[in-house]
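Please find the structures below.
Two complexes, one shared chain (chain A), two partners (chain B, chain C).
After this line comes the complex of A and B, so read on.
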C-alpha cells in the first residue's frame, strides 16, 4: 500500500471532524460576533454603545459576575470542609453521605429549581411548617433575590468542590506529609505548606466549574430571581421582546466573560501543576474517629447533610402525588393520588413530550458518540500525519471545548442567529423552526463530554494491542471492530449516557428555540408550573429523575465493568 | 540462505537518532539476536522489521523483495511483545485464533490450528480460559502460540522473557529455543540480557547508541570483541590504557601502560589497529587475570598489592593495585588472600585483546 492510500482514512476523519466544527462552532460564533459589530451592513460599535448605555444591562453584567464570585466562595466554604471530613476520617454514616453527595449534579437545573420552590418557597413545605408552628399570619420568608439564588447555587454546585477536593485528597501522597512531619513541621504547617499546594489544582478546577455554571445559570434566576436580573435572563427577555441585535450583543458579552474566566483559571492552574516526584506513593488511610463526642457529632452531621441533599427530591416525589388543588395553605398536600402519573402516561400531549425529549437527546448523544470516534482517533498521538501537527490538534481541542465552556444561552442564540435564514456565506440551511434545531444544540453542548470520556478510554488502551493485531494481519477496520471498539465501548457508552441524561433535562437553550410541535420535557414542566399544576410539574420531574437515575446506574456499572 | 536483510536503515524520533546506518542479514532457519543496552535502538530496529515503524532511510528486503513500505498487517511476521499484548476481552482460544480470523480461515481449520499451537506451548485445553486468569508464564506462552498460529514467515521477539522471574525465565528460554528449532522457523530476538542472547541465539548483532557495533556468534563476540563498547557491554573487563612502543619487529608489540608504567608484551595481528605512539586500549577479562606468589619472571607479570576481596559464592573478585594500575581478577577460591598482601598479577598474552576505540 502506498502512502496516499494509508493517509486516506485519516483525511476522511479529518473532513468529518472539520465539517462539524466549522458549521457547529466556528461559523455560528463568528456570525454572532459579526452581527454584534454591524448595523445595517456597516461595521460599528453602536450596538455595544447602546447596550452598555442601558443601566439594566450594566447591572445584569455586574450581577452575573458578582453572583458567580459569591457562589464560588460559598461552595468552597461548604464543599472543602465536607471533603476533608468525609475523605480523611472514618465514622458511621460516612458512606451514606458519600453516596448522596453528588446528587445535585445530576439533577436537571429546572427540576432542582422546581423542587426548591416546593421545599423552601414562601408557600413551600418548610415555610408552612414554621408558619404553623409559630402561628404566624403570613409566610415567614420569601424565596426571592440574592439569598435565594445563593442558597440554590450552593446546593447545586457545592459538589464540584466536594468531589474534586476529595479526589485531590485521595491523590495526595501520604508519604509527603510523613516526610514533612519527620522534618519537624507541625500539623498546621503540613496542611498549609504540603497539603494545600497539592490541592490547588483541584480547587482551581472546582472554582472554574462553579464559576462557569453559575454564569450560565438560568432556571433559578428566571423562577425566583425576583428583581435580581442576570445576563442570561436579559438575553432571554431581549429575544422574547424581539430585540435580536441586543440579544446577540449581550450574548457576545456573556461569551466573552465566560471565555475570559476559562483562560484566567486555566493559566493560573498551569502554574500550579505538580508532577509527582515519587514513583510509588502511599495513599493515606482514613483515620477512624475514636473520641466518642466527636464521633457522634460527625455521624450527626453526615445524617443532617444527607437529609438536606435528599429533601428537595423527596419533596418533589411527595408533590407529584398531590391531588388537584389539595395543596394551598396546608403544610403538605392533603390528598394523594396517582392521577398526575396516570395523566402523564395516558394523554398524548403529555407523553409525547417524553418521546420528543428521548428522541432528540438520543439523536444528539448517538451523533456525539459517532463523531467522537472520528475526533478522538485524530487526537491520538499515534496517528502521525503531516496535516495533523500538534498545532492543528490544539486548535481541534480548543474548538471542541468552546461549546462546553459557553453558557447554553450563548450556544442557542448563536445557532439561531447563524441558521435563522437561508442564503448565508457557507450555503447555510435553516434550522430555526425545525425539529433539528434542538438535537443540533444538544449535540454541540454535550459532545465535549463524550469526546472526553472516549479520549480517556482510548488513552488507557495499550498501544501494543493494536500493534499485535497488525502483526497478526488485521486490517484497519478489523482492528477497529475487534480490538478498539470492544475495549473502549463501556467508557464511551458511559460518557454518552451522561450526555444523554443532561440533554433530557435541558432547559436553558431549549426555552430559546423550541418548536411548539416538538416541546421537550423541561418546557412542559415550566408551562405546568405557570398554570399552577404543581402535581403535574412534579410528576414530570419525578419521571425525568427516574430515567436519569436508571441511566446513571447503567453508566456506573459500565465504568466498573471496564475497570 | 539469506532471508531478511536490512540495508543502511535509519530512524529518528524528533532530534534523537534512534537507529543509525544499520545493516543486518538474517539467514533462513537462524535464531538471530539483537543485543544492546536500553535505548540502543534494538527495539526500534525490530519494529521496523515488523512494519510498525517505517525507516527514514535505507531498505528492508525479505526473500529478495523490498518490504520497506509494506504495512505490518501484510508482512505475515509473528511478533511476541514484551508485555505480551494479549487481547483482554478475548479468551485464550480467541487470542490465538485472532490472526486466523483476520485471514478468514474455516472454522475447522481454525480449531485445529489453535489446538495445535496451544499443544506446542504446552497449554492444551486452555482455550476457554480468560487471559487474566493465567499466570505470567502462561500468558507469555499464549502470546507465543498466537504468533506461531499464523505460521509466520519470520518470528519476532521483543524482550519476551523480561517480565518473568529468573527461574522461570531460564526454563522458558530453553523451551522457546527448542520450539523455534522444531518448527524450522527463523527468529529475530531482541534482548538486553547477554546471558539470554548467548544461550538462545545462533548469531547476535550488538547495538550501542543506535549503531551496529559487531555481529557474530556468541563465543566470537565474547572472546574477540572488536569495539571497546562491545567489550564493555558483554561481561566484565579490565581496560588498560596503553601506548604502543616502537619496535623492530612489527608483529611483536610492546605496550607501555599509562597507569603503573608497566611494559606489556602482546602479539599484534593488524598493525593498523595499533599505530605507534598513540594511546590504545588493551582488555583482559577478570577470569583470565592470574594471581601468583610474588614472581616477576613470567611474561607480563607485575608486582601488586591486594586491595579488596569480594566473596560472591562460587567465585570471588579480587581487586589488586599494581603500582597505580587497578585490576580485577576472578578467582575460584581466594585461599589465603588478604587485603594488603603482596602478590604478582599475570596478564597472559593469549588473553589480551587490542580494542578499537570509539
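After this line comes the complex of A and C, so read on.
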C-alpha cells in the first residue's frame, strides 16, 4: 500500500485530537496553573507555601484522600461481590436487579442528594419510621459527617465497580480456569492466579473512576458533610471569600492528586493484558443455582438490593405529589396533590428547559463519541512510530482525563475566562453568552467517560481481524465500518449514553455560564428549590428520571442494532 | 455502506442544529436581568412591565446573589446582563469596587436614607431586610423563644440551633460580622466576638448548606432556633405553611439593604434604566411589599399601603459596613478554621 495514503488518515486523526486537547484542555487550564505560580506578576511558589502552611488545608487534603480511599474500598466491597453473584449465577430476580444496578450512576446529583435527604435524613422517612416504631423522643440518627458521606458515595459510585467487573467477568476466558483446575490447582489458586489477573484491568479502571469522582465530589460534602473538610469545599469557601489565588492553587493541588492516582493506577493497568487469550476462549455460561437454600438467599438479596436502589427514586416520586408544608413531623406527607405536575406542564418555560437539556447533552455526547473514535484509534495504533511513542500516548491519556479530575466549577470558570473575549490566539471565537458554551463544557467534562469506554472495547479487539481485512484489500473506511465499528459498538453506545445522561443533570458548571437560550433542567430544579417549591423540584426530577429511563431503553435498542 | 449514511445524517443534523441555535442567542437586543429574587416575583414583574411597555423584550436568569457576582466577574470583558436586581449592599459594593457596575442616578435618588446607596451612584437600595431570631412555633412557645442575641447562647438550646453556612450567605455574613463588631467597636479586639461565635458553635446542631434546607430543617424540628431574615421567615410561615415565627432582637438588629444596579458596559442600558425605574416606583414597591414581603427602602412612600407588620417599630443595630466588608472575610476565615465544629460539646 502507498505510504502517504496510510499516513494521511493518521495525521488527520492526530490533528483533530490535538485541536480539542489544546483548545479545550491545555489552553484554558494553562491560565489556572500559571495563576497558581504567580503573585503580583512574579513567578513564585509562595501561593503553595501559604496554602500548605495552613492546618485546615492539609487537613482537607488528607480528608479528601482518605475519603476517596475508603470510598473505593467500600464500592469494591459492594460492587465486586454483586457482579460475581449476578454475572455468574442465574436465579429469579436476577434480571430485575441487572436493570436497576446502574440507577445510582444516572441519578442527577442535585436530585439524588435531595431524595437522599428526604429518605435517610435526620427527619427523613426512614428516621421517622424508626422513631415512631420505637417511640423515641428525637431522631435516631443524623445524616452528617463521615458515615453519611461514605453511605452516599457508596450508593452513587458502586456501579463503577459493578458494571466494569461485570463486563470483565463476561470477557474472562473460562477455558483457562478449567485448564488450571484440571491440572490440579485449588479453587483459591485459580481465583488468585487465573481469574484475578484477567479482572485486573476492570478493577483498576473502576478504582480510578471511583477515586477521581470521589475527589471531585462537591454536593455531598456541602449538604451533609457536617464538619468534615474536603478539598472541594475549601476551594468553594476560598472562592466565596474572594481569595481567588488560594482557590486556584488548591484546585491545582486537587487535580495533581487525581492525576497522580491515574499515573499510579496506569502502571498496573498496562502490565496485565489478556486480550488475545480472552477472545479465543469461551465465556463461561451462567450457572443456575439449584440448591434450595442458596437460591432463596440469592433471590432475597436481589430483592433487597433492588428495593435499596429504588427507594430514593420512590421518595422523589412521593415528594413530587406532596402538598406544600404538609410534611413536618409526620413519617410521610399528609396531603397529596397533582399541582406540582400541573404547574410543570402548564408553563411553556418548562418544555424549553427539557428541550435545551436534551439538545445540549445530545450534541455533547455525539461529539464526544465521534472525537473518541479519533483519540482511541490513535492511542491503539500498534505501529511503532517516532512521533507517537508510548510517552506521547501516556501524556495524551493524562490530558484527556484532566477535565474529569477537576471540579465542575473550575472547568466552567476556566473555559469562560479563556473564551470570554476576542483574543489574539482565537480571533473572534467567543463562547461566553452563547448557546454553545454549555455543550462545549458538557463535552469536555464527560468525554473522558466515552474515551475510556471505547478504549476498553478496542482493547478487547483482536488486531488480527483488522490485518486480515487489510490483506483482503479493504480500505481504511471499509475496515472501520465493517470490522471495527460493529465490534466496539456496544461499548461505544454504553459510554455515550452515560455521558449523555450525566450531562442531562449537570448543575455546578451550568449555573455559572448558562444563558436564556440554553437554560437547562438542573437550573430549573435549583430555582424551585431556592423558592422552597420542593414538590415542583421533585416533579422536575421525576420527569428527568423518566427521560433518562427512556434514553436507556433507546440505547439498549441502538446497541443491538449494530450487533 | 450504512454507516456512511449514518455519519452523513449525523453531520447534517449537527450543522443544522449549529445554525439554528446560533441565530438569536448572540447579540440579541433583549433586556437581560440577573436576579436572586425568585421566578414568581420576576415573572410577575416582567408581565406587568410588558403590559406597560408593549414590545419590550425582557429575560431573566435566576440564581443566588453570590453566583450573580461570580458570573458578572467572569463576563466582565463581554457583559451579558444589563441589570442586576437583588443582592446585599455589601455584595454590590464589592462589585462596584471591582468596577463591574455602571453609574446611574434614579429619579428617586434623594429619597433613600444614608447608607442605602453608593456615593458614586453605582447601586441603590430597593428593599431592606432586618435579621431576626426565628424558631419552630409548634415546638417552642413565644414566651420561651430567645428575645435577644445572647439568649441564643443559653445552654438550654444546646444542639438545638440551626445556622446557615455563612460563607456563601450575605445574611449570615452580616449577622456573624455584627456579632464580632459589636464587641470590637468598644474593645478594639475581636476576642469577645470570637468567644460569642464559639459559644454559638457549641449550641449549633448543624450548619446547613442553604436557606431552603435551613427552613425545611427548622420546620421539621431538626433544630428549634435559627438566625435568619424577617421577610423570609414571614413568607415561609404564611405562604409555605411552615410552623415558624420570629423575634426581633431587643438590643437591635443589623438591617441589610437589598439593591439594584446596572452592569458595566452592557448592551441595553436604556431599557435597563427603564426597568430599574419601573420596579422602584411607589406602586411597584408597595405591590412587592403586599405580595412578596419586600420591605421598601424609599422613605417617601405612604406607609399605610404597606402590610401592618412592616410598620412595627424595631431597634436597628448601627454597623460600620465598610469595616465589616473589609475585615469580615478575615473574621469568617478565622471562624471557619478555628471555631466551626471545634468547640467542645460536653
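Simple rule for what comes next: the second predicted complex is superposed on the first by the 371 of 563 C-alpha atoms of A that agree within 3 Å, B and C clash if a C-alpha of one lies under 4 Å from a C-alpha of the other, contacts with A are read in each partner's own complex, and residues count from 1 in each chain.
The criterion applied here is as follows: contacts are C-beta pairs under 8 Å (C-beta built on N, C-alpha and C of every residue); 3 or more make two chains touch, one makes a residue touch a chain.
These numbers come from a predicted model, not from an experiment.
Applying the stated contact rule after C-alpha superposition, one finds that A:483 touches chain B and leaves chain C untouched.
In the superposed model, more residues of chain A are touched by C than by the other of chain B and chain C. Of the two partner chains placed by superposition, A:132 touches none, neither chain B nor chain C. Legend: residue contacts after superposition of the two complexes on their common chain; A:471 is shown touching chain B, with no touch to chain C.
After overlaying the two complexes on the shared chain, residue contacts for A:531 are found with chain C alone; chain B is out of touch. Look at A:511: by the touch rule set out above, it reaches chain C but stays clear of chain B. In the superposed model, A:187 lies in contact with neither chain B nor chain C. Residue overlap on chain A between the chain B contacts of one complex and the chain C contacts of the other is empty. In the complex of the two chains, the chain A residues touching chain C come out as 54-56, 117, 121-123, 139, 142, 144, 222-223, 226-227, 236-237, 239-243, 324-329, 359, 363, 366-367, 370, 413, 416-417, 420-421, 430, 432-436, 477, 480-481, 485, 511-519, 523, 526-532, 534. Those residues of chain A that touch chain B in the shared complex are 1-3, 6, 462, 464-465, 467-475, 478, 482-483, 486-487.
Those residues of chain B that touch chain A in the shared complex are 50-52, 69-79, 81-83, 85-89, 98-99, 101-103, 146-147, 150, 156. By the touch criterion given at the top, residues 1-4, 10, 14, 17, 21-22, 24-26, 30, 32, 36, 38-40, 59-64, 66-67, 70-71, 74-78, 80, 94, 138, 167-168, 206, 209-213, 215-217, 219-222, 236, 240-243, 329, 332-333, 336-337, 340-341 of chain C touch chain A in their complex.
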